[in-house]
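Below you'll find the structure I mean.
We call the chains A, B, C and D, going by the order they appear; numbering starts again at 1 in every chain.
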C-alpha cells in the first residue's frame, strides 16, 4: 500500500505491523454513489462489529477519475461531514495515467472494492461491488477463526 | 429438539445426523412482530448465504402464548403466504404450562431466538432478540471455519 | 360498509356520520404479507400524518381465504401484538362464497386495497396493491384541500 | 431566485414564467449528508410523482461553507455520478460573507431546505430538514388542488 497521505490517524498504518490481525481495505471514491450510500457506511459498521485488537479497517481513497474535485481538501470535508471514522490512506497518484499506484498494484476494477487480508498477510478476497452485510460478516468471521 | 410435527421437510431432521455441519435454530412465533418483519426474513437470508452441505437452518415454532390462533393450520397458512422456505419443527406442547418442551429445555427467553450449534454438536450461542446481519454472518462464519 | 364486529373503537363508525371528513379505508388480511410488512404500517402512518378532526382512517378486515385461521380471535391477537392503532371493521361474511359483503360491494380485487372517500362521501380512489407514501400523501392532501 | 448558472436545463427557469404551476425548491449542498442520502433522492421522487404540466421541481445549490470543494466543477461531477435529474440553479455568491444571495433572501437556515410555492407565486412552506415522503406528498397535493 503506497499512500501519498493519511486521514484519521496520527501516523501511517503499515500492513507488516498489522500482521496477526485480519485487515480489511475499503477502496472508495468520495463521489462514487455506491460508496457514499452503501459501502462506506457498511465499512464503518464492520469497524464497529469487530474487536480492534483483532481486526483493522483501512479506507483507501483510490481516485481514478475527476481527480481535481476529489483532491485531499475535498476528501477532508467529505470525511468530516459524513463522519467517516476509520483511518484512510490516500492512494499515491501514478506517474502516468489516471489509476493510482495501490489500486493498480492490487488490480482493483473500480469502487467500491473490498480487500480482505488474513492474519498471515495473504489476500483472501478482492471484490468489486457491494457485498451483503451477512456475506461480509461471514468472511471476516471466517478469517478471524483461522 | 422435540417436535410434534414438521413443515417443509419430508422427514424430521435430527441434530445427531447433522453432526459435522453448523446448525442454526431460528425460534419464532408466527404472530411475533420482530420475527415476521425481521428475524424470519433474516433466517431465510442465512439459509441462502451458506452452502447446504456445510450448514443447516431449522425453524422452531415455539408457541408460548395465544396457542389456539397459532396452531398448525394457522402456521401452514403463514408459511405458505410468507414463503418461508426452510424446514420447521413445531415445538412439542408441554404437559403443564404454556412453554413448549424444546423452548424450556434450551432455556429460551422469548421469540425470536437464535441458537447456533457447532460441528461437534455444542451450543455456541443462544441469543434472544434480533442480531444484525453482520454479527450473525460473522458468528456462522467463525463456526464454519472451525 | 357492513361489519360483523369492530375492534379498536367503542362503537361502530358510520360513513354517513363521517361526511365532511376525508375517509380512508384500508382493506387488509392479517396473514397477507404485503399488508403486514408494508400497507398496514403505512396506514398507521397516514393516521398519524393527518389531523383527526379532518380525516378518519378505518381498517377493514376482508378475509376471502383461510377464514378459520383469520377469525376474530386471531385478529385480536394480531392487532394487539402488532399494535395496530386504528378502528377496524370486520367485514360481514357472505351467505354464499368466500368473499365478504363489503369487499364484494366495493369490488375490491384483493388485499391490501385502499379506498379514499371525499368529504361529500364519494369514492375518489379504489386501489389494489401498495401505493408509495408520497402518492398516498398526495391523494389525501388533494382531497383535504377540496 | 438569483442564480450564477444552471445545470440540467437549456435555459434558466424563471418563477414568473412558472406562475400557474406549483413549484418546489430543493435547497441542497453536494457534500451535505442528509441531502445526499435522503432529501435529494426524495426530491427526484417528487419530480417523478407529479405531472410536469402542473408542477416544477428546481434544485438550488446553496453553498454556505467549504465553497472551493463544492464549486461548479465539483457539482457537475456530483450531478452526473448521482444522476440528479432535475434543473439546478447555482445560488449567486454574496459579495460579502459565505451565505449566497437566494439563500439569504429566502431566510433558509441550512440544507436541506424545502420551499413550496403555490400557483399564485406565494411561498406556502419553507422547511429546514427532511420531511417524510407522506408529509411532502400531502403538501404538494394540497397546493395542486387549490
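Methods note: contacts are C-beta pairs under 8 Å (C-beta built on N, C-alpha and C of every residue); 3 or more make two chains touch, one makes a residue touch a chain.
Predicted model only: the values in this text are computed from it and were never measured.
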Where chain C and chain D overlap in contact partners, by chain label: none
Same-site or different-site touching of chain A by its copy chain B, using the half cut: same
Cα superposition angle of chain A on its copy chain D, in degrees to the nearest 5: 180
Centroid spacing, where centroids are CA-atom means, of chain A and chain D in whole angstrom: 33
Centroid distance [mean C-alpha coordinates] between chain C and chain A, Å: 49
Chain centre separation in whole Å, for chain B relative to chain A (CA means): 36
Sites on chain A at which at least two other chains make contact: none
Overall pattern in which the protein chains touch one another (line/ring/star/complete/other): ring
Chain A-touching residues of chain D, taken from the complex the two chains share: 31-33, 36-37, 66, 68-69, 71, 73-74, 77-78, 81-83
Chain B-touching residues of chain A, taken from the complex the two chains share: 45-46, 49-50, 132-146
